[in-house]
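You will see subunit A twice below: alongside subunit B first, and alongside subunit C after that.
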Partner chain A sequence: MTWDWGAVADFMPYFWDGLWVTLQILVFGSLISFALGLVWALLMRAPTRWVTWPVGGVTEFIRNTPLLVQLFFLFYVLPEWGITFSALTTGVFAIGLHYSTYTMQVYRAGIEAVPVGQWEAATALNLPLRRTWTVVILPQAVRRVVPALGNYVISMLKDTPLLMAITVLEMLGQARLFAQQNFQFTEPLTVIGVAFIVISYLASLALRALERRLVH
Partner chain B sequence: MSTDTHAPFEDKPETPRATGELIRLERVTKRFGDHTVLDNLDFSVDAGKHVTLIGPSGSGKTTILRLLMTLLKPDEGVITVDGQQLFPAPEKQVREVRKKIGMVFQQFNLFPNMTVLRNITEAPVTVLGMSKDAAEERARELLEMVGLTDHLDKHPAQLSGGQQQRVAIARALAMRPQVLLLDEVTSALDPELVAGVLDVLRDIARSTDITMLCVTHEMNFARDISDQVLMFDSGRVIEAGSPEKIFNEPEHDRTREFLSAVL
Partner chain C sequence: MTSGLWERVLEGVWVTIQLLVLSGLLATAVSFVVGVARTHRLWIVRFLAGFYTEVFRGTSALVMIFWVFFVLPPAFGWQLVPLWAGTLALGLTYGAYGSEIVRGALAAVDPAQREGGIALSFTPWQRMKLILLPQAVPEMIPPFSNLLVELLKGTALVSVMGMGDLAFSANLVRLALQESAEIYTYILLIYFVIAFLLTRSMRGLEKKLKAGVGKAPRKKVTAAGRVPEGSGVS
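Take a look at the complex of A and B:
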């Protein structure tokens, strides 16, 4: 086995396409998981079981079934019911939905960690419930959960190659395509391996910077 | 003329000041599990009076303040403030009555994500509908009164406990309550910071007509500001009277025991 820089150069156009798709999955998947996770966490605090039981059941189900099965389900079964999206859109939604069932637990812990005295002060000042959430509780809760949310972003990055299974050509998909066309496996797989490390490192730097900004 | 260092402070109430009886608890009972904290309690406070609740811990003093602030609900009984029922009452009425009441907590409970100024202006703007400018002007006056004008852009974590508690007092007063509930407001402070907070409260007691309900272990402070002292034991008022009477000539054995333990 010899290392061929020529193959690296040939792979680069495929690589950039794959990188772009991987980053889209990561960014939009994260945003969906952050937003939906917060929605689940808030719904789980609803005063009635008519809300908390269905939400709890559905999220428990999603969290405990494999992402790959969910990808196949959304990609192959939904079109039978007349619902069709592109592979990338389906994949982004699936991964965002899957991870939202983890981020909801992070938010829950963050909300519960806000001292009860904060709720009491808000009541004593007669703040409306909605205002109490938006200016008192959530700002303090979100600040606490940024590190934990960051860990799920890194986790999600490592799950993005699963989308290859529903024909999305992210980095691994492009590497496989290139390898099968050129019978060169070492170079493309090494390149994307390095790329995964670089992206997680940059993402962790960005999150640390965000944490520092949120201290105040 | 007062000779203290604080700026003179004048207060106009948000709601018209009541005269006569302002707070009334009738046959109020509160239980936590099997433990009865307040036992069929009858209790009233006249407008403008400064009432101090003393007694051993667990005797129900703090519970009364928390019931009045609607942080707890009684199991039985009726609570009335300024002629309007606070319990039992629909949520809308509770919000209306709660406007008349402010509270300062043992642990300050400032909002750590907001500046000192914003801590004080948030509720006047969102609850009373004051303009931001008017609320900030009032916050500055209040911060001057508590001696913290230089700190309005800081966050609570940058202040000492005593400074935080003075901000919390300013925050409560910014809502122009008729009643101020003080729940062991110096208990969490380092000893050298207690005097500054008590001075501010003496100043408020002297220069405003706000009704004060105070749970404290600072007996000298209680003697100074109180019109009436109530001695609690096991969820009941066992003795009530002027500070002179309670501190100098207590009638009840339990009061004597308690005072000799704390004084």
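Take a look at the complex of A and C:
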């Protein structure tokens, strides 16, 4: 086994570019998944099955099929329908959509965990439905679910390399490009492997600290 | 779509199922070995098992697949057949997730059961085999069922390495027909059907195992989605 520190040094500029793209995907993907997941969770509480069944079915479908195939679907099929986005935008949307079907369940659990007395108090105070949600239920529900949402952000980080398959040059994409140009696979792939471990470990430490602060 | 193209898709289904079964078996073995090792009385064994879990859960499955395909061959001088390389990467990664399930379920068994085993002077191995595992395994089935669906979704990653699985066959059909909406819809549906069959059969297995230890299955399986990551966080 040969290890060439020179190759590591050559790879580092590309690594930082890749890391930047990965973090962009992560931030925007998380924002989309947090927002869409909340929308799904609220729609699932609609009083009519004409809403809950389609929403439940579609999210179940998205959750149980591979993100990679969903990426290809959006990447190849949307242009056929005359909608073109950049690969990065498509990828961010796909990953956000995929994870929104997970965050939706987190929100649902959080909403169900709000004590029933809070609902009754809102009714007793004659709060309109909108105010009940925005000032009573959601602030309590979201606070509870922040750690669980953080777990999905870490999962999402580990799914960002999939965007390489639709030509996005994030960390793995950069590593593969570098490897193919220089015929050195060991160093770039190991560097990004270690980077993933370090980032997800730091993120889980940060999450644990955040959780402690929220609980107390 | 012509029948020739459907044949490609069927071959893809077969490769996906092979990969799912093989990596599922490896992941189960790894989960139990590492999960049980994390309850070992020697700290070094616990530490190594915990280290394994952190490393393999920390990296992305796709990065691991690249590593097994490109770094292992020159580094150690042997090349794996793609199917086995895929099995190895997926089995080790998802085994690390599974080991957390095993550890959690073992820790959730009533401590009095373990103490009872000690009082009856069972050896640690007998306690594990006769007391802890029979009670812990039925509790592991719902999270394992979720993990199995994640593994099924993970098998699609090998198509990036050019292995002819279901996701890869979609690409072939797309190139042949120059049209993607139809084939990708079919492929997504096939994955969904496989996932549905998996969760159904796991539910049946849970019922059977719980009957074996005199418990009724939970009324409704909570669809908790992906297994939570950090300990105590969820």
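We take it that the second predicted complex is superposed on the first by the 205 of 216 C-alpha atoms of A that agree within 3 Å, B and C clash if a C-alpha of one lies under 4 Å from a C-alpha of the other, contacts with A are read in each partner's own complex, and residues count from 1 in each chain.
Just so we're on the same page, contacts are C-beta pairs under 8 Å (C-beta built on N, C-alpha and C of every residue); 3 or more make two chains touch, one makes a residue touch a chain.
This one's a predicted model, so the numbers in the text were calculated from it and none came from an experiment.
**Student:** Figure out whether A:Y152 sits in contact with subunit B (first) or subunit C (second), or with both, or with neither.
**Tutor:** Touch status of A:Y152: second partner only.
**Student:** With both structures fitted on chain A, tell me whether subunit B or subunit C touches more of subunit A's residues.
**Tutor:** C
**Student:** Go through the superposed model and pick first if A:S100 touches only subunit B, second if only subunit C, both, or neither.
**Tutor:** After superposition on chain A, A:S100 lies in contact with neither partner.
**Student:** Have a look at where A:S33 lands relative to subunit B and subunit C in the superposition and call it first, second, both or neither.
**Tutor:** It touches nothing on subunit B or subunit C.
**Student:** Given the touch rule stated above, what does A:A121 touch, subunit B (first), subunit C (second), both, or neither?
**Tutor:** first
**Student:** Applying the touch criterion given at the start, work out whether A:Q140 contacts subunit B, subunit C, both or neither, answering first, second, both or neither.
**Tutor:** first
**Student:** For subunit A, give the residues common to its interface with subunit B and its interface with subunit C.
**Tutor:** On subunit A, no residue contacts both subunit B in one structure and subunit C in the other.
**Student:** Spell out the part of subunit A that touches subunit C in their complex, as residue ranges.
**Tutor:** It is residues 1-2, 61, 63-70, 72-73, 76-77, 80-81, 101-102, 105-106, 147-148, 150-152, 154-155, 157-162, 164-165, 172, 175-176, 179, 185-186, 189-190, 192-193, 196-198, 200-201, 204, 207-208, 211 of subunit A that touch subunit C.
**Student:** If we count contacts the way the header does, which residues on subunit A are in touch with subunit B in the complex?
**Tutor:** 115, 117-118, 120-121, 123-128, 131, 135-136, 139-140, 143, 216
**Student:** Note which residues of subunit B are touching subunit A in the complex, please.
**Tutor:** So the residues of subunit B in touch with subunit A come to 69-71, 95, 98-99, 101-103, 105, 107, 109-114, 122-123, 126-127, 155, 171-172, 175.
**Student:** Please name which positions on subunit C make contact with subunit A in the complex.
**Tutor:** Subunit C residues touching subunit A: 54-55, 57-64, 66-67, 70-71, 74-76, 149, 152-157, 159-160, 167, 170-171, 174, 179-181, 184-185, 187-188, 191-192, 195-196, 223-226, 228-230, 233-234.
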